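First chain written, first letter: the chains are A, B, C and D, and each begins at residue 1.
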Amino acid sequence: MSDAIHEKVEALAPFIYLMRRDLHKHAEAAWTEFRTASIVAKRLKELGYTVTMGKDAVSKKDMMGVPSPETLQKHQERAIEQGADPSLVALMDGGLTGMWADMECGGGPGPKFALRFDLDSNDAVECELPEHKPFKEGFSSVNRGAMHACGHDGHVAVGLAVAEILAGMKDRLKGSIRLIFQPAEEGVRGAGPMVAAGCCKDVDLIVGAHIGFQAAKKGDIVCGARGFLATTKWDVRINGKSAHAGAAPQEGRNALLAACAATTNLHAIARHGEGTTRITVGRLEGGQGRNVIPPNAFMALETRGMTSELDDYMTAEAARIIKAAVEMWGCTYAVEVMGGTKSGESSPEMIAVVKKLAETMPAFTNIMEEKDFGASEDYSHMMTVVQQNGGLGTYIQVGTNRTAGHHNDHFDFEEDDLLHMAEILVRLVDAYLAK
Amino acid sequence: MSDAIHEKVEALAPFIYLMRRDLHKHAEAAWTEFRTASIVAKRLKELGYTVTMGKDAVSKKDMMGVPSPETLQKHQERAIEQGADPSLVALMDGGLTGMWADMECGGGPGPKFALRFDLDSNDAVECELPEHKPFKEGFSSVNRGAMHACGHDGHVAVGLAVAEILAGMKDRLKGSIRLIFQPAEEGVRGAGPMVAAGCCKDVDLIVGAHIGFQAAKKGDIVCGARGFLATTKWDVRINGKSAHAGAAPQEGRNALLAACAATTNLHAIARHGEGTTRITVGRLEGGQGRNVIPPNAFMALETRGMTSELDDYMTAEAARIIKAAVEMWGCTYAVEVMGGTKSGESSPEMIAVVKKLAETMPAFTNIMEEKDFGASEDYSHMMTVVQQNGGLGTYIQVGTNRTAGHHNDHFDFEEDDLLHMAEILVRLVDAYLAK
Amino acid sequence: MSDAIHEKVEALAPFIYLMRRDLHKHAEAAWTEFRTASIVAKRLKELGYTVTMGKDAVSKKDMMGVPSPETLQKHQERAIEQGADPSLVALMDGGLTGMWADMECGGGPGPKFALRFDLDSNDAVECELPEHKPFKEGFSSVNRGAMHACGHDGHVAVGLAVAEILAGMKDRLKGSIRLIFQPAEEGVRGAGPMVAAGCCKDVDLIVGAHIGFQAAKKGDIVCGARGFLATTKWDVRINGKSAHAGAAPQEGRNALLAACAATTNLHAIARHGEGTTRITVGRLEGGQGRNVIPPNAFMALETRGMTSELDDYMTAEAARIIKAAVEMWGCTYAVEVMGGTKSGESSPEMIAVVKKLAETMPAFTNIMEEKDFGASEDYSHMMTVVQQNGGLGTYIQVGTNRTAGHHNDHFDFEEDDLLHMAEILVRLVDAYLAK
Amino acid sequence: MSDAIHEKVEALAPFIYLMRRDLHKHAEAAWTEFRTASIVAKRLKELGYTVTMGKDAVSKKDMMGVPSPETLQKHQERAIEQGADPSLVALMDGGLTGMWADMECGGGPGPKFALRFDLDSNDAVECELPEHKPFKEGFSSVNRGAMHACGHDGHVAVGLAVAEILAGMKDRLKGSIRLIFQPAEEGVRGAGPMVAAGCCKDVDLIVGAHIGFQAAKKGDIVCGARGFLATTKWDVRINGKSAHAGAAPQEGRNALLAACAATTNLHAIARHGEGTTRITVGRLEGGQGRNVIPPNAFMALETRGMTSELDDYMTAEAARIIKAAVEMWGCTYAVEVMGGTKSGESSPEMIAVVKKLAETMPAFTNIMEEKDFGASEDYSHMMTVVQQNGGLGTYIQVGTNRTAGHHNDHFDFEEDDLLHMAEILVRLVDAYLAK
């Protein structure tokens, strides 16, 4: 059977490469994956899956960090201009871009096996230099400010290939298959509203996968990630008072100085003796005219911790520092929670199965059982829910050679490594569901 | 004669108020005053003035801080949509929105008297609360991000009224009149390119005026300003390196931390024992995604000094601090000079004339000979050039009651004080040019 | 008479130089001027003055910033070791180092004329390089950390010479003379407790003098200073919590980071559109061991303003910033007021008299009526009290060529300029009190 | 045999407690352990050991961070006042306070087993509150600013008890014993110069021990520490220029603002994705008088990393930030390396032996094989040298209940846990050297 799977993956290689490049070119950030999702939904229906989408797949009240109605509409229009099916886009009004697709296998009762793929791109302006392959070969992002710098374009392409292969072999499998396509992973905001809508209900087994990271180079595979960083995402808006910077600076309340004091000191939060922590103010904007005391500022920040307790330490420190920095400059402020997820661990039993499968694949020359993920992924939310219900889950990383770090505007990877990801995922389903 | 002038001003009051409100509603920032300038040019021609505009009135190579071609075009289109004459707008391609209008008087040879008015609005989002009269009465800015928060809308309305009155009395005057309508005062960038194009050539007498400032309340008048602050305007762009904020923060070069270190420390430059100085980082933007080490930052800043030497002190300190802050975080940067002007002083002889005239106007209950301006105005550039050529100049401030400080998004003033400004200006011309 | 005064001053030149060098060598900082004061008291008594000192001359409860009892005792012992009279030193227990000396003139009733001199040195480590004359010639401070870097050594020497001359001519004068020798001028703490003890009671005329400052070079004289800066002096103590910097940094509360955030942001307080302000954190100490999260920090700071209102603005801003910086890092704190004084202006009538006298002295080649002092001097407290009681006062500055700025550890001046200071002071007394 | 050892330890309990308290009361910081070392040397000689001390035990040229000659002399005098043997103190001139003591066992040839104990106290002001037992019971430090807040007082007491027991059983052992008493552990400066002088030459086996840390409570034992943090210690001196803070602040070069910018930004160095890092500015002092622009500043800082590479990352970042902060404020600076050590790992074979022994001791109820140390200890230097020469080593942690974290000024522990430390050390020697 493993040979047959390998052959099917090889046969789909051109599809995977083309799909990945098409998605790369039309990168869509969190909650605006209208075109991406409409392509996915259309294809899954063609393959015979029952698709749950829109308000049935995403709990509106649990969504965080959703763009304004104007922005959503603009991106819906853009998606349609770029070829999306208008009727599908309409189903996603309000940014409801997540979906899942179900298929009963022909081999009788058995467990429900979920596979999860992430749809969204990063907020980055893609590099436009000749050494950057997507630019050189004409598939760099046409949507300025949105860029697939984390490989989700490849993940979606793999997801559709896996969907096709599993559909073709369903009669040799028992139980059922659920393919989850999740939006807004970058802000770790997408999993929560989909879990709330029921995407993990009755799921017995779950797997997710990522290109690169701890599987740092071609030939690497990490069979299961542990140590997902818990994380919290905040938007902070500071209000001060404008004044003429030359004639009466003393009449202002300088919101930008507050934001700068906050930013510098946030990064100086004490490291924690019990494990990994992170803090980043990823974006700051403040002020209006050059000769006006800045009456406003905005900060987008995130904290992380190896455990949820360590993330709690970071957010408690951050809350105190932000409050004080704002008061230092006589301003007021509001904090909005934009996302967040908890820590998590892959199931040892499933790791063992992945390892055994990987050992039979010549593509993997460096098999690592488990590694600290050292970053956040809201897949950990779904996996933890499945585990708490008595199920198993793991998160696989497939190595590749990158041109730059993840989230860097020069990021690119070697596309043939997507084939190994597709193969190990199908074989893992086969290992559990084969009659 | 003074009674006749008073009556003509009173008669033009409705025009002044309507024009001011129309301009307030369609506020246009520096170098994009296409609609404002086209209204002015059309009216001046109707009144019989010879108008010099476009590339003849603004020296393109001396312009600083010009918006991108895309932005200029967008604002030209907006101006036309909002009623501007397309053929006049076309003359201003590239942001050449300044002009001057000349008229020979009928009374024989005499001095050339220039009056200068400023066209541009501020970069501010106008307050939309019921207590803000422009909002309540429906003339707050429809051009979001541009707001007349410094009274230039009133100055232009006064300028057109003055133009009409002077045209009507030209036969009783000798010499000639030049009306200068200058763009981009807020960035103190507009005077330089107009002087370079010749707007002060052969000018013997010059006057400018401002509503409010040191004439802080209704009934005040300052006959001449001294102590214009010299100023320098810089844009700073910092380049770092992006990286995944969770997985590999150490790989980044954090341009935002550089900008924050610069901003905080710039404001901490030592005060100078010899006089007034200022520094403001009026705008800062940095970063891309929340979970990406910020690879870029932008700062718009300005320094000021009571003398050009004091401004030089500030720029020398600022240059060192910016360089060090950038190197502190391993980044690189570029500084672009966006504007600047020198210090200046009104001529005592002309101040005395203004004072004598003001004493005859009941509107002025608190006449101040001269006051430190305590801010920058690139009118000081024009006035200094005229003085260096042997001429005289002054800068008048007419009091009003304000609802908030200049440049504040709640700024408003009492419109009837514009009438007093118009009257004193016409009477000053009359004092020098009457046959 | 003026020739006779000139000759007497010339005759006392060796005394002035020797005395100044002796005091320079034994510099004593605020409230520890035991040796200096004992030399002064002894000499004034020898000259026949009635000396009021100790608790009669300094109101203990109004003293601020007094060193600890241990430090006072140590300095009393040092003073005695360096030659002070032990019985006089005993009278000054508790740092009561101020005094005044009265003499009734022989010429009948008349006004009471007070002259004020300041006793204390700065907190500075004197330069020990060959180009520094006090070091080269062996009279640099032997009391490490205390240095006369503001010329008070010269002022005291002048005071004793003036005392001698006036005593010699008392029969030709009417009224009475009071010589005030004030401690702790550097912290502007000495005037308050002496005024509270009565040093200005019934004083009709008062004069003070300083070497240098706005009289920036040899030949300059400023007849009266206006614009003394109001000032406030604070000590801030921050308490945090120590922790092992390697094993558990998160358990600490970092008082040093609080102090650094405060210091940087205090210097960034907005300049004020209505006039001169200043802020300086002159000293900061924090932390214990290198590998311990700093549980404590200390800041000595001062604010200044051209008016008392402007100083109030600065202290209000500073109070808010310090509070917020401390809360930012989870610490607590206490503020102790260590000194302060108000603004003040010399009397125009007395300025005119000084000017007329100066015009007859060839030493003065550049006579300035009045100049902004641009710094603080608690003499302004005494002068204001005299003026409020209907009297007159001025503050004279006598030019000199300096080797470095005041308060710099390389500071030195030309000693012969002290003679001109002595002469103008005696002649001013003579102008008012001559029979 | 194990019972006999247990009994001997119990018999020495009063000695251990008294010795610990005597040392606690007379705490001595790095390189000034004159009294402590003289007590140790005297006792070891009494017990028959051959003591190597002074210049033979500490390589002078490798010493870092040595106090000034004046300070050393003052502390030598204090040690003698507090009962130290003057002739022994004289041998330690220059701060040469380390020593080792050798004994040949009677049982024939065998390995050389070294035990290492640390002598120095912390830089902390001991808590003087009734709830602090050392204060309540009268043995808190009489040497203000020096406090045993890390348990080294107990370690030395244990070392002397171990010395006595081993001396008593030497005929039943083979090989030889070396007791190393190391100064200046807190700055991780003591091991280097002792290794350079030969303290690890020919050593086959080595053990060190610490009270508390990862063995966080009574009953815990960690048999071997891995992950000693590599560390670097720097003193930074910044030179600026003083100026009068009121009259001419612009003439200064503010060294304190440089130090504050450095301190804040140093703490903001990006966390590293590959493991633990630390940075602490443990002490900062700057400025002279309150009204003088601070011309000088001093910072004592340290960096740490889980590996030497991670510490190198921190020092590279720190060097760049310090340089830039100094240049930002126009100052100059010098960095002096005061200490540092590399990372290290205990030998698994010896860990296994410790574990087996611990399992037989009822005192240990929670036996942990190995734990990340998460801090620095220059014992790792000695252990690594021994391992590189083919030997074995481990570092044991013995649990206790603490009243506050290590290095906190409230730190205290339960003295009976010292007995367990003594017992496991003697039994470990016995396990390897028993005939």
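Worth a mention:
Keep this in mind: contacts are C-beta pairs under 8 Å (C-beta built on N, C-alpha and C of every residue); 3 or more make two chains touch, one makes a residue touch a chain.
All values derive from a computational prediction rather than experimental measurement.
Under the contact definition stated at the top, the chains bordering both subunit B and subunit D are A, C. Two chain pairs, A-C and B-C, are weighed by contacting C-beta pairs, with A-C ahead. With centres defined by CA atoms alone, the chain at the far end from subunit B is D.
For this pair, subunit B with subunit C, the centres built from the Cα atoms lie 47 Å apart. For this pair, subunit A with subunit C, the centres built from the Cα atoms lie 67 Å apart.
Residues of subunit C in contact with at least two other chains: 244, 246-249, 251, 257, 261, 264-265, 267-268, 270-271, 273, 278, 293, 374.
Subunit A makes touch with subunit C in their complex at residues 244, 246-252, 254, 257, 261, 265, 268, 270-274, 293, 313, 320-321, 323-325, 327-330. Remark: subunit B residues 264-265, 267-268, 270-271, 273, 276-278, 374 touch subunit C in the complex. Within the complex formed with subunit A, the subunit B residues making contact are 122-125, 145, 186-187, 213, 229, 231, 233, 241-249, 251, 256-257, 259-261, 263-264, 267, 278, 280-295, 300-302, 304, 338, 374-376, 405-409.
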